[in-house]
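In the two assemblies presented below, subunit A is common to both, partnered first by subunit B and then by subunit C.
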Partner chain A sequence: MIKALLYKEWLKTRWFILGATIAGLLLQNWLFMKTGRSLRLVGAEHIWDVIINRNQFLFTELKYLPLFSGALMGLAQFLPEITNRRIKLTFHLPLREKTITAWMVGYGIGVLLLLFILQTSILAVGMSVNFAPEIVANGLLTVMPWYVGGLWAYLACAFVALEPTWRQRIPNLLVTVALLRTLYLSDFPAAYQKMPVYLMALTIVLTLWTWLSVYRFKIGRQ
Partner chain B sequence: MKALKTLQIIITILMLSWLLPWVWKLATDKPQNNPFVYYSSLINSFGIRSTINETTLLTDARDNSYTQTQFDSILPMVYYRQLAREGQLPDSLHGQEINQRIIARNNFFYRYRPSDKNQPLIPLYALFESMPKRIDLEMPGDIMRLRKKPEFINPDTGNSNTHKSARFAIELEKNGFVGPPSLIAGNPTTRKSYDEGYVIVDQNKNLFHLKMVNARPYVAKIEMPEDLHLSWITVTEYPTKTFYCFLISKDGRLFTVQTDGYKLKEIPTPSFDPETDNLLIMGNLFHWNIQVSTNQRQTTYAVDAHSFKLVNQYTFETLPPKEWLQSSIFPFSINFSSANDKFIFPRIKFNGWTHLPASVLLLLGYLALQYRKKSWCPVTTILLLVTGIYGLLAFLLVGDTKHI
Partner chain C sequence: METVIECRNLTHYYGERCIYENLNFRIAKGRIVGLLGKNGTGKTTTINILNGYLQPREGECLMLGHKAGQLPPEIKQRIALLLEGHVQYAFMNIQQIERFYSSFYPNWNRAPYYELMKKLKIAPGQRISRMSCGQRSQVALGLILAQNADLLILDDFSMGLDPGYRRLFVDYLNEYARAENKTVFVTSHIIQDMERLIDECMILDYGQLLLQKPIDEILNTFKRYRIHTEREPQWERLSGILHPEKIRDKVEFYSFNGPEQIATQLQQQNINTEQLKTERLTLEEAFIGLTGKY
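Let's look at the complex of A and B:
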């Protein structure tokens, strides 16, 4: 049963997964080509100086990639479910609603985590070729809130889409947009380095909130 | 599910307590016009330029008013270019010959903000050649990593220069340096007239001066009182070369490290917290204007540039912004950023109890409404009392724990 459920999720999201993987690879490839060109034209020492002393981050174009990936993954997975309230059929499967949602959301998070781990690994390895570990660590701390933003955007989609009433969907949307906004308040490199606990805690809360929507669905809120 | 609903209400409240005060501030914010204050040794008082209702007032600390021309002439160290253009710059002042070049050479501005120190840093440093063969400074071709021992890395290859690293390590060790350092200060830019390298605090709270002279390490230990705990260092590299750097201690004392024998000199400074207050020093040939700005006041000390004795002082009390209305509506507010640092994290500010009347009114309104509906939620009642308007809006937006 779970296998079939996951297969259905795969069918819904396979084009997104392919698209997001290619888009990520293309963007990163372009960014590394751009960095390589700068290194050739002005020299590594100057680029290091710009990063260390002028607080520049060379990969700012990555900022909204995880956000869009998360949101699109959420839409690809949950938009078909809420069209004509098809989710009702899913919830008629001989499994608890909580279990079904856990597998669905778990699948989405798993796919996104794989995608994000792939992207950050490429970033880390690519950066280490040209930069000192201190600069790589700073870079990873800079992209941390952006990738958390991708997970939150996905969870926000699930939370909002699974909610059965528009009366509640709009406040849910507003609160999750406000939460997402907190991840994009500063462009200063590594500005979010004091935030891992906050980011982790809210990721758990947002994951659990999907159950809130499912519960309301189950008790028949219209 | 009740716990999840409560969490939803609480997070909605927290988001509202961030967004609503921010919108309020956006709508009501006014500029803070702190005056420009500068000591005039000609009138033995402070010249003050302030802006009130978009009108500029030129006065002194004794409330005498000046025209712009008079103001220029009482502050020749500030307006020397204007005076020179009008042929009004005196040849000498207090027995000292002055001209544009001498004044410019001796004038300096030093600004310290808490965010200079409280920001993410990448611990890699460019150590310049302090005695370059050419007149201009050049990038050194490597970057210094200073942990237990120094290591010089070539940015092009990523390899470390073991010979140079070992030479610097031996010299630092010989002078008693114990890494990794707790504080490193320098100006890693070629846009300066000369280089004094780095001033470093090591693990044992000892102070060192490190620079590279003719490709060799130069290390000097700087004697410092044991009870002095440094919060921040700024290497100055000013044209007069009378001191190497400013030291700011954790308890807000200010020192210079003099170029003759690395002697520390304490500079009289208004009461100062390096974590929250701004420091501005405007120095000239005769006096230093040392200004500390806090949320409540801006205090300026005039200090003799040679003896470092306090000559005069002026305090401007900043009018507190009228926050009565705001604090009676909003019980607290959350900010993710601050002017005092470059980090993003939530910081909560409580506005006291002035919100209670409004909160109680909102609560009574809620109870009356719910009494008619015969539906009353204890969690919402408590949240309304404690969080006032945020609680009410959260209730209207996401409901209460009784009706999931």
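Let's look at the complex of A and C:
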């Protein structure tokens, strides 16, 4: 049954997964080409100086890629469910509602994690060709909140989409947008390096919020 | 006889608006029961309560002996559900959706599903979203038949269907349910064709259940009466008369009372009953007679 449930999620999201993977690869390829060109034109010393002394991050174009990936994944997965209240069919499947929700959200987070791990691995490998391990580690710490933002955007979509009433959807949306905003307050490299516990705790809270929307759906809030 | 669905003292409001109060009904195993009512009388509300998508303000429903809203997975496997508008996973094609559902139901039988799909003459890879409403209804029906459930719940199955597809749906469902001794609970606000399907009828009016009776009993006992008279009868003095109407000298009303009883009551008001006409009704006419035109 779980396999069939995941099959349904795959059917809904396969084009998104393909598109997001290609978009990520193209963007990263372009960033590496741009960095390579800069290294050749202005020299490695200058680029290193910019990174170390002027605290610049060379891959800021990646900033909103995870956010859009997470949001689009959420829409691809949950829009078909709320269209015509199709979610009723899903909750009529012979599984407990909590099990269904957990597997659906788990699938989305799993796909995004794979996608994000692929992107950050390519980033780490690509950076390590030209930069010292300390700069690579700093770069990964810089992108960390952006990728957490991708997961939060996905969970926010699930939370807002599964909520049965528009009246409640709007405050839900505002709260989640405000939360997401906190991840994009600073472009300073590794600005969020001391906050992984806070980020992880809020990721868990957002995951649980999804169940709140399902609960409200179950009791028939209209 | 074993009870499959039971609702006790069901009360529900949307805000201040009362949908119904103290609704009680039972559906026995093997019966095909139609819940009929005008728009907004609470048919879909009842389906939502039964399937656990809505908590009633008061009262409770049991399905196959389990409280609605808390059905364990093994009970859900025995209940097939058709949502209003034949909603299905429109992003799947007919093969994908069959493959998807077959994993959930141990008694799955794909033969009736593909038999119906053959009639549609559609490509196996065609997505449900690209089908007509009639074709989608057949996909939804095929899936219900394949599930081989003990209880079938169909919410407004006739909505959006042309007469041909409606008849196909009714005939298929009727034959299947009777041959396999399935219990069917169906709602509709289109009464045409329901006579061919249901053996028991529940009629909801605003705020209450008007009646629950076998179809034959309704059609044999509930009549329309017409009479030509200049004088309008004093309706408040007549018992068991429903929705009387006088247009010029024509008086029309409905009643479960027999012609003799009606004639006696009218004669007591000095109304000549020589031309009193008694008419046998179709289910649709009986529905209008019970709920009124407005």
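Methods note: the second predicted complex is superposed on the first by the 222 of 222 C-alpha atoms of A that agree within 3 Å, B and C clash if a C-alpha of one lies under 4 Å from a C-alpha of the other, contacts with A are read in each partner's own complex, and residues count from 1 in each chain.
Assume contacts are C-beta pairs under 8 Å (C-beta built on N, C-alpha and C of every residue); 3 or more make two chains touch, one makes a residue touch a chain.
Everything numeric here is computed off the predicted structure, so don't read it as measured data.
Bringing the complexes onto one copy of subunit A puts subunit B beside subunit C with no clash.
In the superposed model, A:F16 makes contact with neither subunit B nor subunit C.
Of the two partner chains placed by superposition, A:F32 touches none, neither subunit B nor subunit C. When both complexes are overlaid on chain A, the residue A:E134 reaches subunit B alone and has no touch with subunit C. In the superposed model, A:W48 lies in contact with subunit B only, and not with subunit C. Touch criterion met: A:M195 reaches subunit B, while subunit C stays clear of it. Contact comparison for subunit A: of subunit B and subunit C, B touches the greater number of residues. By the touch criterion defined above, A:L89 lies against subunit C but remains apart from subunit B after alignment on the C-alpha atoms of chain A.
For the combined arrangement built by superposing the two complexes, subunit A sits at the apex of an angle of 140 degrees to subunit B and subunit C, based on C-alpha centres and given in steps of 10.
Between subunit B and subunit C, the shortest distance over C-alpha atoms in the superposed arrangement works out to 13 Å.
Residues 219 of subunit A touch subunit B in one complex and subunit C in the other. On the side of subunit A, the complex with subunit B involves touching residues 43-49, 51-53, 130, 132, 134-135, 138, 141, 145, 168, 171-172, 174-175, 178-179, 182, 185-186, 188-195, 198, 202, 205, 208-209, 211-212, 215-216, 219. Subunit A contributes residues 1, 3-4, 7-8, 11-12, 80, 83-86, 88-89, 91-96, 217-220, 222 to its touches with subunit C in the complex.
On subunit B, the positions that touch subunit A within their shared complex are 1, 4-5, 7-8, 11-12, 15, 18-19, 119-120, 122-126, 139, 141, 143, 145, 153, 155-156, 158, 188-189, 336-337, 342-346, 397-399, 404. Considering their complex, residues 14, 48-49, 51-55, 69, 73-74, 76-77, 79, 81, 83, 85, 87-92, 96, 99-105 of subunit C touch subunit A.
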